[in-house]
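In this document, chain identifiers A, B, C and D correspond to the written order of the chains, with residue numbering beginning at 1 in each.
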Amino acid sequence: MKDVQNSNDIRGIDLDQVGVNNLKYPIIVLDKKNKKQHTVANVSMSVNLPHHFKGTHMSRFIEILNHCRGEITMNTLPAILHELKSRLDAESAHIELTFPYFIEKTAPVSKAKALMDYDCTFIAETVKNNDDFILIVAIPVTSLCPCSKEISDYGAHNQRGYVEIQLKNTLNEKNKPNFVWIEEVIDIVESSASAPVYALLKRSDERYVTMQAHDNPVFVEDIVRNIALKLKKHPKIAWFKIHAENHESIHNHNAFAKVEWSR
Amino acid sequence: MKDVQNSNDIRGIDLDQVGVNNLKYPIIVLDKKNKKQHTVANVSMSVNLPHHFKGTHMSRFIEILNHCRGEITMNTLPAILHELKSRLDAESAHIELTFPYFIEKTAPVSKAKALMDYDCTFIAETVKNNDDFILIVAIPVTSLCPCSKEISDYGAHNQRGYVEIQLKNTLNEKNKPNFVWIEEVIDIVESSASAPVYALLKRSDERYVTMQAHDNPVFVEDIVRNIALKLKKHPKIAWFKIHAENHESIHNHNAFAKVEWSR
Amino acid sequence: MKDVQNSNDIRGIDLDQVGVNNLKYPIIVLDKKNKKQHTVANVSMSVNLPHHFKGTHMSRFIEILNHCRGEITMNTLPAILHELKSRLDAESAHIELTFPYFIEKTAPVSKAKALMDYDCTFIAETVKNNDDFILIVAIPVTSLCPCSKEISDYGAHNQRGYVEIQLKNTLNEKNKPNFVWIEEVIDIVESSASAPVYALLKRSDERYVTMQAHDNPVFVEDIVRNIALKLKKHPKIAWFKIHAENHESIHNHNAFAKVEWSR
Amino acid sequence: MKDVQNSNDIRGIDLDQVGVNNLKYPIIVLDKKNKKQHTVANVSMSVNLPHHFKGTHMSRFIEILNHCRGEITMNTLPAILHELKSRLDAESAHIELTFPYFIEKTAPVSKAKALMDYDCTFIAETVKNNDDFILIVAIPVTSLCPCSKEISDYGAHNQRGYVEIQLKNTLNEKNKPNFVWIEEVIDIVESSASAPVYALLKRSDERYVTMQAHDNPVFVEDIVRNIALKLKKHPKIAWFKIHAENHESIHNHNAFAKVEWSR
């Protein structure tokens, strides 16, 4: 059968990325407490396409994904990328996996435990011989408005907010990226907002977090700055983007703040 | 050209609905203050399909929608439905339009004005000679937790919530549904929560709504019951469903309550 | 600390459902081939609320979910529902779990294997002493238009469509619902469309499914009727709803058909 | 009342963007045929925040949006941005508006007319004295697979695809961006795929587009390259990004291709 994709192209246009996306796949990721965690990812995979090829061979992406059998870590991703490059005759390869990551969280007073989910993304890319890795974590938090607290005789509006952290790691002496746990990122973010968000709170905990938030009012701008100060001091972090967004309880729109930093 | 849709079907299965959906269309709706309002709807249209027809003629739905030129009110919908039934040889017809509806809202202290959006849906149906109409309005509100306020020394968690009201009208002496303004439904809902939500609040307003919410703590269950009491007394309302959902500021999940009632 | 939720309510309004939703949770479901499958569910849980209680105790939903440790099957759900009823002092309880279910699928010619995902939902409800269970499966398919094929000299437009099946099971002699595998529902749907949809197809397979679809043109109405004929004959199925929707390749809107049936 | 936002900040962190998003607003845009078109936008507005200010004044974004009364064009946006900078004491300002744009489209044979929607976004930014404008248009198309056509005895799988074009304009002699109609971008994209997508097609049109697609098979890579060739030659275009994505009718995932180019 003719291999149409492999035929010659004369339009002279290199494509940056060709691939598949919106593909759901069960994966296994590292879990700080339980070693391994089963979850489900939404996957995007691509390579570059030099100008002289008419098309890429899309089915090979799926074959490689099946072949790796779902073990996805910062350390297994480079091998997948290199297999993509070699099987698809490409100079660069790119993979993104977005998945919920679950952590057993302990309520602050009752010590009741329950699982809570955090949306995470791994982006791994290899361009020629350069490997790159970005970790993204989205963390829900409580934010209580300092202005509302200051100007009101009692109370203060507060709301659920979401903080998305994107980060790249510094390299160790073997030129490999230093490892940062998702749990570490979550701790930094939760300690920078008015209060953490929990899956399970008993009455004694609810009292605790209500007053904790009231004692720690922050604007969305404060959340971003508090986090930035901590991430800048972290020796394993080389670059970050922070996007915080409050689902304002007094409005039907959101308030957001963003910053990007590079060592 | 052969009309395949029109050919005879022998499987003996009547279909409840066949039609088109996920169709965007600009529409004009009645506006209490400005008479008319331009907006954009997501549209679904369907008819029943008797067992002896192989298929319906989907293009006619679009022709009829184009033909009505976007004037959509409780009063124009029956004509559209009857045209659907007659053009498509059907016994029942159904149309749903979901659209943002904008109201100029005045802040409580500064009296500053700004537009705020409410997601609305019209569902109109005709089965044989029976016309039916459902109005759906989704209204964002502030809710402040009575338990959190009661058990804490200060503060109380509060959050954005959404209340969806579905309602059918009583009939007037000419057997036509009595008209209820979207604005009326919004007023009933906003006065049943801890505080309304606004597009624009200046500092004096923010102080006002912060304390208003603190003075009116409600569970999601209270919101539903407060609204139910008012809707039951409304002479133009024959049936309703209420679904209230709080985007809890202390959790990453929502709390909801529902009730359905019929006169 | 005062139990505000437990206080007396005088508004006299029973609520149909109060609970939590939009909660992500890792679960384990039965897998026809591998016995067990890890996946992630979006969960909604609720109970009724009699008129004399001010509120329900939302944290208990999370405790019960944590306690069941993620083993979710048609047979474990009644126990969860009964625990909900008893812990929350309710007469009815309701749980919904939506999750991707993965099946290893074999390509028709090359026999290449890859995992493919199907969105499934379990709805379980207990009202007084009546247990009810609904299985929902959403299955992507290829549909090729019979009209387009008939009236054109060559070719025919075809597209991805989605078929959602909702079903209730007949009861066995012990008054328990008969078990139907998700795989069975998928087979019935895939054999009723123009061709199945795969995660991995090599060139020989692509040739096969292209011609398979051309040989089996179906309207969205045909898909629903073909499925309805098969489900009606299935002795373990007591009730079903079918919703098929084609993402038309020649339009920016969808075409759909629906039918509901009860034994 | 104290202006908390205006207080001094000592953390020393400049923020790239602070603002509001997820705000719905009715707007009026230029329409090539009818001069003006009413539609509804989802709006994001932001400014930078120098390190010495604790917070920005979010309510001013809404005031400025209300004040501009919804007339949004490439030419009115700079004035809005400059008002944002001046009212909010900032050096940069950014606004994004995403809205459906409707065009009356004529079917190829029957000449039947109907409105079809295209999702558009305007991004306008001013940094110090530099104004920038990006137009984004998402255009649905039909794509028919050249490989499937080549290797099969008859038929070929085809599907709905979406092409997103982002572009910046060249400047005229007065240093203002040259104007490109949304309609022009749509024409370039539709002529680069297998066939355009329509809202309304009668049987004669369906025959026409079925054969048109079969006569013009394109991979997702071809769509991107065909468009790139045309956009590069367009004298009013200085930079573009193309992202094409096919909702494969034989798979449950999508195939995509991307390219970025700068004059």
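Couple of notes before you dig in:
Following the convention adopted for this analysis, contacts are C-beta pairs under 8 Å (C-beta built on N, C-alpha and C of every residue); 3 or more make two chains touch, one makes a residue touch a chain.
Values in this document were obtained by computation on a predicted structure and should not be read as measured data.
For the interfaces A-D and B-D, the C-beta contact count is higher for A-D. Centroid distances from chain D, each centroid being the mean of CA atoms, peak for C. Shared numbers divided by all numbers used gives the overlap of an interface; between chain C and chain D this overlap exceeds half, so the copies present the same residues.
Averaging Cα coordinates per chain places chain B and chain D 29 Å apart. Rounded to whole angstrom, the centroid-to-centroid distance between chain C and chain D, based on C-alpha atoms, equals 35 Å.
The set of chain A residues touching two or more other chains comprises 1, 23, 117, 147, 151, 199, 201, 203, 207, 251-253. The touching residues of chain A, when paired with chain C in their complex, are 1, 3, 23-26, 37-40, 59, 62-63, 65-66, 100, 102, 112-115, 117, 199-204, 207. Residues 1-2, 4-5, 9, 11, 13-23, 46, 49, 54-56, 58, 146-147, 150-151, 219-222, 224-226, 228-229, 245, 251-260 of chain A touch chain D in their complex.
Those residues of chain B lying in contact with chain A across their complex are 116-117, 140, 142, 144-145, 147-148, 151-160, 195, 197-199, 201, 203, 206-207, 209-211, 213-214, 247-253.
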